[in-house]
Amino acid sequence: MNILFVGDVFGSSGRRIVAEHIGHVLESNVVDLCIINGENAAGGFGLTPSIADDLFDLGAHVITTGNHFWDKKELLDYLKVPVDSHDRPRRILRPANFAPKTPGFGVYEGELPTGQTYAVVNLQGRVFMSQNDDPFRKADELLNGIRSRVIFVDFHAEATSEKIALGWYLDGRVTAVVGTHTHVPTADDRILPGGTAYQTDVGMSGPYDSVIGVEREAVINRFLTGQPAKFEAAKGNPKMAATLVECDGATGRAYGIRRILLGE
Amino acid sequence: MNILFVGDVFGSSGRRIVAEHIGHVLESNVVDLCIINGENAAGGFGLTPSIADDLFDLGAHVITTGNHFWDKKELLDYLKVPVDSHDRPRRILRPANFAPKTPGFGVYEGELPTGQTYAVVNLQGRVFMSQNDDPFRKADELLNGIRSRVIFVDFHAEATSEKIALGWYLDGRVTAVVGTHTHVPTADDRILPGGTAYQTDVGMSGPYDSVIGVEREAVINRFLTGQPAKFEAAKGNPKMAATLVECDGATGRAYGIRRILLGE
Amino acid sequence: MNILFVGDVFGSSGRRIVAEHIGHVLESNVVDLCIINGENAAGGFGLTPSIADDLFDLGAHVITTGNHFWDKKELLDYLKVPVDSHDRPRRILRPANFAPKTPGFGVYEGELPTGQTYAVVNLQGRVFMSQNDDPFRKADELLNGIRSRVIFVDFHAEATSEKIALGWYLDGRVTAVVGTHTHVPTADDRILPGGTAYQTDVGMSGPYDSVIGVEREAVINRFLTGQPAKFEAAKGNPKMAATLVECDGATGRAYGIRRILLGE
Amino acid sequence: MNILFVGDVFGSSGRRIVAEHIGHVLESNVVDLCIINGENAAGGFGLTPSIADDLFDLGAHVITTGNHFWDKKELLDYLKVPVDSHDRPRRILRPANFAPKTPGFGVYEGELPTGQTYAVVNLQGRVFMSQNDDPFRKADELLNGIRSRVIFVDFHAEATSEKIALGWYLDGRVTAVVGTHTHVPTADDRILPGGTAYQTDVGMSGPYDSVIGVEREAVINRFLTGQPAKFEAAKGNPKMAATLVECDGATGRAYGIRRILLGE
């Protein structure tokens, strides 16, 4: 079973470069399950229902998010669906360890046309980030309730230590732990000894002539002056950053992981 | 001109894997200048004069450090040498934007046997790190005083945004900006439009069956319990992480950058 | 009913100044219940069973702690007592929102010789502090299980916003919310409209010719140089900082709060 | 010589309570020099030229600010005056350790009608705050250039350790170091041994039925849910928080410090 995970889609140039490549990538790799992190898809800041539809139309089965989940108010209402729904809003996740009252869900279990079941889990780190529930304990709790053998975890986190620690912690219990949020792909993709595919960060699908997606002049100016500034999505040098995980659908055990980085 | 930069050497297994590979790498790539980040070389925490000697013996012209600079008191005294010295202690750098009274220096200018001059600059980030002077302004100040055209910058920093922003800020003014500190190699090595080689993090030269070098049980336990714990250097699965930069010695302009990751 | 809360006892000079004054304060104010924050009682860093005994001998019914809970390993074993115990180890609290596996308990319910019941709750903030469970939700959960009407909360936290917010959140549901941890007494003691006594920080019971208890030269030097240093408890100008809360034992409603600051 | 310092004026209710009391306070205490921290005067977020005029009209000689300096763009242009001006824009300070290119100045030297000279210095902390230049070194640098003996320092900072450390560091070199930013008055006002008046925080002049000035429902909700929210200035229970420092104008040595907290 082949799973494609597409890293944080950033702004219109990110959406465009993903649209350009994803069909070919899905087809040539015989991808069964496609997951896209969409937290920056709407101009770099959040996700709207309409842009989520675009990502679903491109082939996503599930969309994950992260700290930018809150940026577009219209998304919060859109996610108010029953837990047992399989409609598109139910397949947009937010980190499972956000406060219990947060709209939406942090885990989704689905079934592919082949009958293959899978779960997608979205978690967020706490080191250098906002105050959320413990992602390690939340992972334990969620895994107790998941019936699928194939479990894909998007761990949206800043610190390499926290991401790697969660990878080891879940090794042998999930199919893959991939990181998002830093917007830079890491070259440490591997299969951990217990059979979990791991990569610290998949990287951004967006404009690489930028500072993690944002127009670089504004960011540099902020570093130089300390003055808060409005950040605009950059456009230049878009790349789609994704990771392909191959696993045994019956056991959920991963046997392959491969980075993909495609530009214009 | 070829420059090899070796990422944070971590503990004895990091030193051993570097010792195993570096001779061959230096020779086969006709490396002219070798720089090693040694901030974790002494058991994962800091650097001693004697271990620095080992790294110099392996071929390092210059050793850089970072936040672990303070860990071994004996290093601080060892670095008390005149600014115009070219002895080994003078070729161990600490971040230039540490407080002015800090022992040691943050920049070194040297000359190779061929007569080629070069400068190495060590800076540390501020985002999610300790309070230091502004690395952007400090870079401006240092560049004003450097006579060499070949200038290699080790930016020891946590946040991808700060590292990428400094890369763009110095593009065209230095030969290379490579990041260290996160201990995970990033797959974003490139030549920026102005001719500066850039990579967000070179990654650790140390045990990869670990959490950024440390025994994983202790780190996981700390995430689970919050209890402070003694962290020991791990040993398993050592890899040497390095980056090779090719540049024009006359102009300092980079034209090639390539990641190297070598295990047992 | 009169409750005396003594702020973070710091080192030997803190213990001495408390020993000098507390008997007189307890007697002259007809104090029924005495609570002492002892997180810095052992040389400024943590608490030992033997020093806890000293504080109990001085009249403490319950000892609270905070982030320095972990500093003395011998305390952790000492706290392994049954939840329904009323022995001294059971009356040493650690923040209730630490991870579930943490030794000890975060709430204690006791009965005074008069038959008056009371509860003491210890919580820790998250803003600018380590990653713990949400203190607001933890407070809700604990209040559900507490049978006493008199409930005293020590909120060990850094940010004034988080402390004040919890005060308002619990107003009318507990007898008092007092803050600890910043080691500086605040002049905002008041009865909130719902009948909860509130003060942002009780302040340290320790040496005030210091930087929050520590020898000032070392701290200033660290600010100037960034160099980590060993911090020693200062001795000069000890003061006992405490807060007296008067409440109706039958309803738990506070009707008086008064700051106490006593030096040599 | 008597100096009145008024803590962070917050929103319209803060301005109103200050307007109600300040005339009487200035007169009854024979105040020579009046300094107001105005960083929250405009609806809780920043300062406008027109609101600054109101504060000057109330008697301020100098207005200090802090991290909210950036909130109102119109202020930034307004502060573009020559360093040797004594006009109102020159008497609005921003932290002196902001980046060098920041509009405005961080120190002002003036002369009272009596011929008495004075300096006001505005600095910002770095612990738990944004990345700025070292306030300790910046203080040294500024003190070198100040001719007045009477020097009043507003240290806008979060951590009690950093504030107290700067107090000790400047003891005997300035007339007063008072803190702002936490919006809670501290009860630790004192004259340090070298003759410097010190208080960790003067407290907010604004609505105390709030969370540090802001409508409490919004803040509590944010703590409970993590959801970013628009914060509005509260109105209830306004108090003016100020500190009166008495000093010898010839030497700059303080001999008295007294807290003032006045409500409706």
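A, B, C and D label the chains in the order they appear, each numbered from 1.
Everything below uses one rule, namely that contacts are C-beta pairs under 8 Å (C-beta built on N, C-alpha and C of every residue); 3 or more make two chains touch, one makes a residue touch a chain.
By chain, with names taken from UniProt: A, B, C, D = Metallophosphoesterase, MG_246/BB_0505 family.
Since this is a predicted model, take the numbers as computed values, not measurements.
Peer 1: In terms of C-beta pairs in contact, which of B-C and A-B ranks higher?
Peer 2: A-B
Peer 1: Can you check how far apart chain A and chain B are, centre to centre, with Cα atoms defining each centre and the answer in Å?
Peer 2: Roughly 31 Å separates the two chain centres.
Peer 1: Give, as an integer number of Å, the spacing between the C-alpha centres of chain C and chain B.
Peer 2: 45
Peer 1: Check each residue of chain A and list the ones that touch at least two other chains.
Peer 2: Where chain A meets two or more other chains at a single residue, that happens at 99, 131, 134, 137, 224.
Peer 1: Are the chains arranged, by touching, as a line, ring, star, complete graph, or other?
Peer 2: Topology of touching chains reads as complete, every chain touching all others.
Peer 1: Under the stated contact criterion, what part of chain C meets chain D in this complex?
Peer 2: Listed in rising order, the residues are 128, 134, 136-137, 158-162, 164-166, 168-169, 182-188, 193, 200-201, 203, 208-209, 211-212, 216, 219-220, 223-224, 259, 261.
Peer 1: Over in the complex, which chain A residues touch chain D? Could you list them?
Peer 2: 70, 98-99, 101-102, 130-132, 224-228
Peer 1: For chain B, which residues count as touching chain D in their complex?
Peer 2: Per the touch definition, chain B meets chain D at residues 99-100, 126-127, 131, 133-134, 137.
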